[in-house]
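A, B, C and D are the chain letters, set down in written order, and residue numbers restart from 1 in every chain.
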Amino acid sequence: MNTRQSAGTAEATRTTYREALREGLREALRQDDRVFLMGEDVGRYGGCFGVSLGLLEEFGPDRIRDTPLSESAFVGAGIGAALGGMRPVVEIMTVNFSLLALDQIMNNAATLLHMSGGQLNVPIVIRMTTGAGRQLAAQHSHSLEGWYAHIPGIRVLTPATLDDARHMLAAALADPDPVLLFEHGSLYNAEGVLDGTIDAVGLDSASVRRPGTDVSVITYGGSLPKALAAAETLAEDGISAEVVDLRSLRPLDDATVLESVARTHRAVIVDEGWRSGSISAEVMARITEQSFYELDAPLRRVCSQEVPMPYARQLEEAALPQPASIVAAARKAVA
Amino acid sequence: MNTRQSAGTAEATRTTYREALREGLREALRQDDRVFLMGEDVGRYGGCFGVSLGLLEEFGPDRIRDTPLSESAFVGAGIGAALGGMRPVVEIMTVNFSLLALDQIMNNAATLLHMSGGQLNVPIVIRMTTGAGRQLAAQHSHSLEGWYAHIPGIRVLTPATLDDARHMLAAALADPDPVLLFEHGSLYNAEGVLDGTIDAVGLDSASVRRPGTDVSVITYGGSLPKALAAAETLAEDGISAEVVDLRSLRPLDDATVLESVARTHRAVIVDEGWRSGSISAEVMARITEQSFYELDAPLRRVCSQEVPMPYARQLEEAALPQPASIVAAARKAVA
Amino acid sequence: MSTTTKRASGPKRAGGSRRPSGPPADEPRPGRDHRLEVLRQMLLIRRFEERCVELYSAAEIRGFVHLYIGEEAVAVGVGQALREEDAVVSTYREHGHALARGVPSDAVMAEMFGKVTGCSRGRGGSMHLFDAERRFYGGNAIVAGGLPLAAGLALADRMRGTERVTCCFFGDGAYAEGEFHETANLAALWQLPLLLVCENNLYAMGTSLAREHAQTNLAMRAASYGMPAWTVDGMDVTAVEAVARRAADSVRSGGGPHFLEARTYRFRAHSMYDPDRYRSKDEIARWKARDPLVELEQRMRAEGILDDPATKRLEEDVTSEIDAAVRSAGAAPYEPVADLLRFVTSTTGSTR
Amino acid sequence: MSTTTKRASGPKRAGGSRRPSGPPADEPRPGRDHRLEVLRQMLLIRRFEERCVELYSAAEIRGFVHLYIGEEAVAVGVGQALREEDAVVSTYREHGHALARGVPSDAVMAEMFGKVTGCSRGRGGSMHLFDAERRFYGGNAIVAGGLPLAAGLALADRMRGTERVTCCFFGDGAYAEGEFHETANLAALWQLPLLLVCENNLYAMGTSLAREHAQTNLAMRAASYGMPAWTVDGMDVTAVEAVARRAADSVRSGGGPHFLEARTYRFRAHSMYDPDRYRSKDEIARWKARDPLVELEQRMRAEGILDDPATKRLEEDVTSEIDAAVRSAGAAPYEPVADLLRFVTSTTGSTR
């Protein structure tokens, strides 16, 4: 189950991805005083991408906690605080900086429950910005969420819609284990209408964002709008593409993917990660292992080129999956 | 080309994987005074697994350089020294600790050449121990070499044989870019005969370690002996398994893999990494993309269970690929 | 955690090093029962680990094992200053910390045997002892990896307004890691109730203090972060306890983080695999002459609160506790392989 | 790198902060040509960045851009103390460092335009300027990420027995990162020829010094690693130069690493996206009153070595240099998309 409808009547509200995230944070902070937000410049600055703007004024510096530049220490402190009964939401500005905290994430957060024989669960949520598209070059633009999904013991979430931006945090905080939440930088300004009837989303299942019959386009995060745009174009050509939003990269919802492939018998995986060793390889492996005889054509994937993200616009655009490249791959798949 | 034969006559020598690595280091240090070895306890202690024992006495503390516990700083210093004209070999004791240096590895070593528009190549070699099998539990046992292979700009090598242990370092040092060299902890004591006629190995190609016709078993590193043992067992059943040693996980030698699959039409990938998002998924993706119509059966993989490595022997054994699980997978593939 | 009734002597000179800079120890001298309990704990740790060596040779224990022998005064002295509600974060050299914290010796022994009755169900082994009930948070084998975690536990207490202290043990080697720096600053900046105990045993594996640190006065450097920092003779359990009490009391009453450097020495090699090539026999002998157990025993005898029969009783007591631990560990079951994937996440179901 | 001929005044009081603790600056006072060159460099940086703001508004420049305006005295003062064979490692706020190092302004401008004639072929942008020939090693946008690298460059020099200095610029925020701690210790331990220049502009993005560091005397803390550490008024280019020369000379002659804290201030927001909500107008005004360019000009006028015509010539000179840079950047080609995968590895052929 992906969503829970609210009982009362609710109106659809216009909002942005950024505001939806902020509302999710505000709600969590209001509902549970164990929740606090911690990270570089989340307070007075309002968050490097403005997500937490205004929260300091509402909740004070104890719960909207600016940290020094010390990714390893404040992520580790979040883990410790979670062990100590709090429900920390830790913000890392950008996924590239999270490498500085990877020891804490993998060797502690993901591992403590198991190492302790089930004694110590770590209810921490770690949010970070991911992805390219804003000419921020090779140290601010990578998409490592698929890479993180390799680590047992954590959840990896990639909200791509306003509703997921608004509600995934609550579900993540309700989870007893570490959750990594990746916000694609190019989505912050995305505007749209929030479905007022949804008041909760699940974390376990992928979602078909556009039904189709000829080819499955499987994607997540910042690539979802591109996949949907590609599906529009394909529709003009009479090709019916089904767009699947994975939503969670760990655990992966095989069932929804395989059901889609069982309908279409063809699939293209779209993923902003570098191609080799990407989560799209894993999706292909799952399909090959479990639905080999359903396939009518080789699986295809559209990924980022294997290059540190260049600054120049034309190079960055060429390095990333684009609607045109998705369309081309889908055409080949159905050819 | 994987190997270069020496002109003269050479004798086969009995040695161990550890000694072969040490000989490779010694040779590099003798031949090029820009080469030095740096890391925790590489000097007076002799290396945490004894690889560099005796080198301090031969080359002195400047070139066999003990560092404080500061993975990020000494890996970064290696990168800087490489930029400054040296040829550093940096040892990280165990792959889990390398997470502390991942920022330097990904954001600097792998990226500088590109970010600088081709000006700054980084001729560093980073060696580390990887893998499980010695009951060292969840912070000393992981196999992250396949995970590292996701990063563009570096090479990822996994010497599995004595000859590769002996000669890969020289080839790595000759490469102008960063090379990560993963030594599987369970191989250090492996004994055997060094092929005295080989005096160089290449880095670009995989190697067929045992020819076969019914199924390709594709593997690398610490799993190679297990795959070879499985092939023996299969042979007793009349199943002819071809064992391919990838040797390098980045770049991946597709050609050798695809040629093997073209011969056998069936493949099992064996990989000590956690299953989801493993390098075995990438191998499967490459085969599916390029040799889909060659396949007579779904691809299979034998990986580590997705669990932080437990200490208890029976659990650790169950978590790892074993000859029996490889045999079982191969039987299914040919069924 | 008995009460203290007599005067403790001040910290003594650490072997071959500068005069420690701890505060004058003018606490009341502990009473006989307390002294005996301290001695018993130290003896338990010593004998427990000696038994581990035997069991390692017999292949009952595997993996990496790091012995604490020689350093017992630190864990036990500091342990006396902590209360039940406090928390302890430790390293891979943590048998002593765990036992001093009250983790039952049979649960520790079973853990080393890899049995399901172990304090981590056999999943952790020697390097990863845990006991949530006793707020013993491991057992971290990434050097310095426990420091940020300890800061977080202290932060939770700070935010919830409790009076609990979190005590984090780490080594002189750990001090060189970036995580030490980040944690020290964070703790001082946020005035966290954190007691940082640096066990300076002069070596990080085979690397001596002077080859790890440009400036080896660790307490002085810690003070530069803006927190009280004292050095204490880590071979003198009475001195350790006195200083730790003072520090813990100050932390508890809102004084922010405190740093203790305990000058100590491991009598054995770094781990079971270490041939100990990097220390001179002389140096080891000099430190063994300051055996913390012997020093305490001698003091107690001089004070007239220990005699041969009492020593014998203690030894017997400890030996039988360890015998029982070994027996029960040996008899305990292994966890079934079918349970391998438990505890990867808290919820059952798909984990990947 | 002209010779100095007159006496420089000692470091001055940094705005609103404690008395800097640099050594007495008894170097000869620089001559007119030298002063003019220093002023020209500072002016070039100032006007160059002002033009960048315009070009950013015009969408000719994209990505993150961090301005150095207000801090010019640091890059230029330190730059004077460095020789051609020395190396510089910098941050994402590095236009000033690059220009002071002699990276041609047209190559820097073309880089910001993303053109193939840029000093990083358009692959780096504002945050990643590189010039191997001038030993300018970036342009690192991971805060503190350049520090270990700089130590490595210095190590290479040390091992090869050259007399070169590596200078690493970083901020007060970077100082809190673990990589600072590890690098400072490593450099002091190995006595590396490293000049650490901490540009303390009182903020890390929106976080003020006192909310980043428990103990804000950065130089004092750096000294605790065992290296000389001085504070200098970063708004006074003469003072910066004097202290930097003294430090660089000492480093060069085997004195090991030195640490300089330059007290400075950025007049603009952190980046183009920053609404600068966290600093008071007052505070900014107070610091702007100490504009390093104005201070130098006034001093030169007082000394009688600068007059209106000379100022005008300088301005024209700098403006025409920037005009030319903008023109050539605008006219230069973009790198063809077909070359996207170049420079991932040095060798051609398979990279994955």
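Here is the rule we use: a residue touches a chain if its C-beta (ideal position, glycine included) is under 8 Å from a C-beta of that chain, and two chains touch if they have at least 3 such contacts.
In UniProt terms, the chains line up like this: A, B = Alpha-ketoacid dehydrogenase subunit beta.
Small disclaimer: the values here were computed from a predicted structure and weren't measured.
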Between A-D and B-D, the pair with more C-beta contacts: B-D
Of all other chains, the one whose Cα centre sits farthest from chain A: C
Centre distance in Å when chain B and chain D are each reduced to the mean of their C-alpha atoms: 41
Euclidean distance of C-alpha centroids - chain A vs chain D, Å: 37
Centre distance in Å when chain A and chain B are each reduced to the mean of their C-alpha atoms: 31
Separation of mean Cα positions, chain D and chain C [Å, integer]: 46
Chain D: positions in contact with at least two other chains: 120, 122-124, 128, 140, 142, 145, 176-179, 182, 185, 189, 211-213, 344, 351-352
Residues of chain A whose C-beta touches two or more other chains: 68, 70, 72-73, 96-97, 100, 103, 107, 114-115, 137-139, 152-153, 250, 252, 276, 306-308, 310
Complex contacts: residues of chain B adjacent to chain A: 72, 96-97, 99-100, 102-103, 106-107, 110-111, 114-115, 137-139, 146-147, 149-153, 250, 252, 273-274, 276-282, 284-285, 288-290, 292-293, 295, 297-301, 306-308, 310
Touching residues on chain D, where the partner in the complex is chain A: 62-64, 114-115, 120, 122-125, 127-128, 140-145, 173-174, 176-178, 204-207, 211-213, 274, 277-278, 334-335, 337, 340-341, 344, 351-352
Chain A to chain C touching residues, read off their complex: 36, 62, 67-68, 70, 72-86, 88, 103-104, 107-108, 112-121, 152-153, 155, 175-177, 204, 250-252
Partner chain C, residues of chain D touching it in the complex: 176-182, 185, 188-189, 211-215, 220-221, 224-227
Chain D - residues contacting chain B, complex: 87, 89, 118-124, 128, 130-132, 137-140, 142, 145, 147-157, 159-160, 166, 178-179, 182-183, 185-186, 189, 342-347, 349-352
